[in-house]
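Every chain is named by a letter (A, B, C and D) in the order it is written, and numbering of its residues begins at 1.
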Amino acid sequence: MIIVIQCTDQVGLVASITAVLAKAQLNIVSMREHVDEANNRFFMRLEITHTGDGTFIEEQLRDVLHADADIHINPLPNKEVVVLVTKEYHCLADILIRNFYGTLGATVKAVIGNHDVLADICRRFEIPFYYLSHDLGSKQEFEEKILSVIGKYAPDYIILAKFMRILSAGFVSRFPMRVINIHHSFLPAFIGANPYKQAYERGVKLIGATAHFVSNELDEGPIIAQQIIPVNHSYSAADMMKAGREIETAVLANALKLVFEDRVFVYANKTVVFD
Amino acid sequence: MIIVIQCTDQVGLVASITAVLAKAQLNIVSMREHVDEANNRFFMRLEITHTGDGTFIEEQLRDVLHADADIHINPLPNKEVVVLVTKEYHCLADILIRNFYGTLGATVKAVIGNHDVLADICRRFEIPFYYLSHDLGSKQEFEEKILSVIGKYAPDYIILAKFMRILSAGFVSRFPMRVINIHHSFLPAFIGANPYKQAYERGVKLIGATAHFVSNELDEGPIIAQQIIPVNHSYSAADMMKAGREIETAVLANALKLVFEDRVFVYANKTVVFD
Amino acid sequence: MIIVIQCTDQVGLVASITAVLAKAQLNIVSMREHVDEANNRFFMRLEITHTGDGTFIEEQLRDVLHADADIHINPLPNKEVVVLVTKEYHCLADILIRNFYGTLGATVKAVIGNHDVLADICRRFEIPFYYLSHDLGSKQEFEEKILSVIGKYAPDYIILAKFMRILSAGFVSRFPMRVINIHHSFLPAFIGANPYKQAYERGVKLIGATAHFVSNELDEGPIIAQQIIPVNHSYSAADMMKAGREIETAVLANALKLVFEDRVFVYANKTVVFD
Amino acid sequence: MIIVIQCTDQVGLVASITAVLAKAQLNIVSMREHVDEANNRFFMRLEITHTGDGTFIEEQLRDVLHADADIHINPLPNKEVVVLVTKEYHCLADILIRNFYGTLGATVKAVIGNHDVLADICRRFEIPFYYLSHDLGSKQEFEEKILSVIGKYAPDYIILAKFMRILSAGFVSRFPMRVINIHHSFLPAFIGANPYKQAYERGVKLIGATAHFVSNELDEGPIIAQQIIPVNHSYSAADMMKAGREIETAVLANALKLVFEDRVFVYANKTVVFD
């Protein structure tokens, strides 16, 4: 059983929480806690050996914690996700493979593409693919169609796996901290379009990728994971893009693993990650 | 104040420990714990805001923990060390610089060299240097001279900063888990002499360095930190050695920081590192 | 057009080779050369703008080079490979995805498994899968069946993508420097079986993966690429294995890319890699 | 002998250059070349076995190359440098240590500080230290004093080793591509002041350092080397700064090595680095 807690910090919190578990004779397999002193905020993740439904423990924890405490007991063992894509295959294929072999930590319910080139790979893994062109109406209509598909599946998370359209603030605000994007640069460098071209022109010696939750500001949401690879003068912008795909795939996979295992907390536009 | 605890695991340990702190109205700034399930062993490191001497807390913790519990309260804020060297300057100079600027986390009391080439740098930083040649008698006599110097300073740790002689089991057993060595390879690859030559001949694409506690077996003690850098076909064995020096320096500095901040626990010839 | 040359070193080699190209008004897009001074061996890789068949240039190069020079002009633009697997999917799936999208740099002609669990993923990508159990006869009979399948396809390279059987010296010697293996450790550490268990027991802080050509000695062939990831005390042997799969996949993909682009030369049981 | 050439690209350049060497019976130990196709620019670095003064070869190369070719034969084997600092010791101390042991690849002639706290370490290594406060007059007067000290030594390069003042365009333009700065972020992220605070507030998971030539635009000059280290939620801005110092030291040391070995070419505000 996994227990995640986020609340205002105070003296004695850990003692209160662990006393509840000790009284119930529950063994702590793994415990991580963090106090954000600047914000007086407390974060904790516990893995315990109990396999029951946890209602009893949740009630007891609520008794000893502030009313404002955010407690999740035994979060869904298997999240459900919908993936949005455009044309690039690398992140989607990686997700589909892990989904197929049961190692994603979540179930892919559907894929939505604003182009249809990735329909084939979805079909091969028997995942529903929805081709919703962004060209057949207003942005609002486009997003409404997406919402309608998402509505069918009520996923826990929406993954932007190289989805190259910017979603409106209205769209994003419906899924707070539930939309995960892979951005093809080491944010906050090269915000916005064509980061590899920007990186090439600046002559950088490293390129990066950033997985983050999507908030209203473009590329400004809380960062979950980042990674880089070295490049050099022999890389064209296209070579950088090609090399970048490898880390985009790896960073997104890593971020999803962290989120699906309830290791990521969000506060003050930042993440606490118990990896 | 830092509290480190190592003991047999049991249900309720964290609750018991944190209840002591809560009762004393002490705030936990940082807490890390680990259970080695294979060995049923519990490890914890706490940073709390208390600045007193901690005797009171130690007594209370001893009341709630097993008699066999290994508890250190408020470990020496500033360890004292003696450094053993041969001819290579890079690790020693890095240590002396950090020592000079108060960022080592320990105080260098003396340096012992089996050659005298590093006397000059020690003199520049007003650190006593003892030249004890390994050539002027038996190995036993050599080690007795070293012990005699070490005896003067009673250091917390002995650092082998590219000391190229093998210390006897008898010597090492006097300082269990208190002798720290930097080995110039990614252990357990290339155990023993001339690892860069071995690495060159094997045609590896990465070379590494390993900081570890010294136990009786050559290069077999608990590993504290490891790091690698890429190499390629254009590196001669000498080039690998030169490149290796950079990570030897970095890995040893990192390992010392971890040890001096009481972040390293040893059990079953392995380390638990709360970095 | 790509030109790769390996021969005994001598003064004036580069001048002779580039004079041939200059005379033919061919532009050098990229040139890499290396001299192994210990072995007096010269290696060169050229990319030139010419798109013809290269016979003319090869003849002219043979005129100016030693008779023993190993020259390949315009190597097969698309290698053909057969992949051998056991049960683990991660390397195979990555290869099949790249193959499907035309980014592998080679064509997968068939997959051979000594278990049948990976038949499904091959079927989904319409790649022939041969299930050849190692249990139905002697090792020699097993290898003869494999050879018979390989014989059908006459591949340029045989990829051991987590194939967990050791091939005999007789088998390997039929495909010198054409069998590529991914070994699940940072060679030469943890040679042989169960390297993650060995790594766990040794308490290492990094785990690695090594892609290498297979020679007669177990895990002793020329290394093409290596990579590591950090681990810590919280990793069980199973966790290390799981983490290791990510870099096994990445290292094998990288090594294959290098080999398929004719960037890897072998000499004296080492590789020269012009990456 | 090292030969570096930068010029307009054309067919046959390599053949012409290497023919000169072959005719003189000179053996090429190492050759690297790059063509920037977008800018039609050719870069080459050669190490040859010749130990003479190279005048003869330079003349012959000038005969076969364009008049506009930038050729340096046998560049100064030991560059001379002046280092500018403020209060932080880490980069300066590393440079002084390497200088002391003859492994910097250059000679430190003097250190200039706008504070005097680093005078002590310079004195210990017998390096002249000039304390020139930025507070005792206008910026122009401050820079004139610096220029006056630099004028005494006529160094090949000026190293800004955590010099926290911005030099005027007029100052910088006197030393084109001869002023090297270490910037405490992964440029172009966090340009300007207090990058660690910016990084902390953005919640990044990696922090970096960038060594670059200084041009007129703040933090916009050609990048020589970059490196990163992982950070997490437990790092305060101060912790990030502390961790950052380790890579600042390493990146600057690496960049200096590359520059002093004539491995760095500048063109179009980017570098070609033959590492």
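What we mean here is this: contacts are C-beta pairs under 8 Å (C-beta built on N, C-alpha and C of every residue); 3 or more make two chains touch, one makes a residue touch a chain.
Small disclaimer: the values here were computed from a predicted structure and weren't measured.
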Counterpart interface for B-D, drawn from A-D, A-C or C-D and sharing over half of its contact pairs: A-C
Pair sharing more residue contacts (C-beta pairs) when A-B is set against B-C: B-C
Separation of subunit A from subunit B, taking each centre as the mean of its C-alpha atoms, in whole Å: 38
Whole-Å gap between the CA centroids of subunit B and subunit C: 40
Per-residue overlap in subunit A, given as positions that touch at least 2 other chains: 30, 234
Subunit A residues touching subunit B - in the complex, by the definition given at the top: 11-12, 14-16, 18-19, 21-22, 25-33, 35, 37
Touch list for subunit C against partner subunit B, complex: 34, 36, 186-190, 202-206, 208, 222-228, 232-234, 269-273, 275
List of subunit B residues in touch with subunit D within their complex: 30, 89, 93-94, 97, 100-101, 121, 124-125, 234, 246, 250, 253
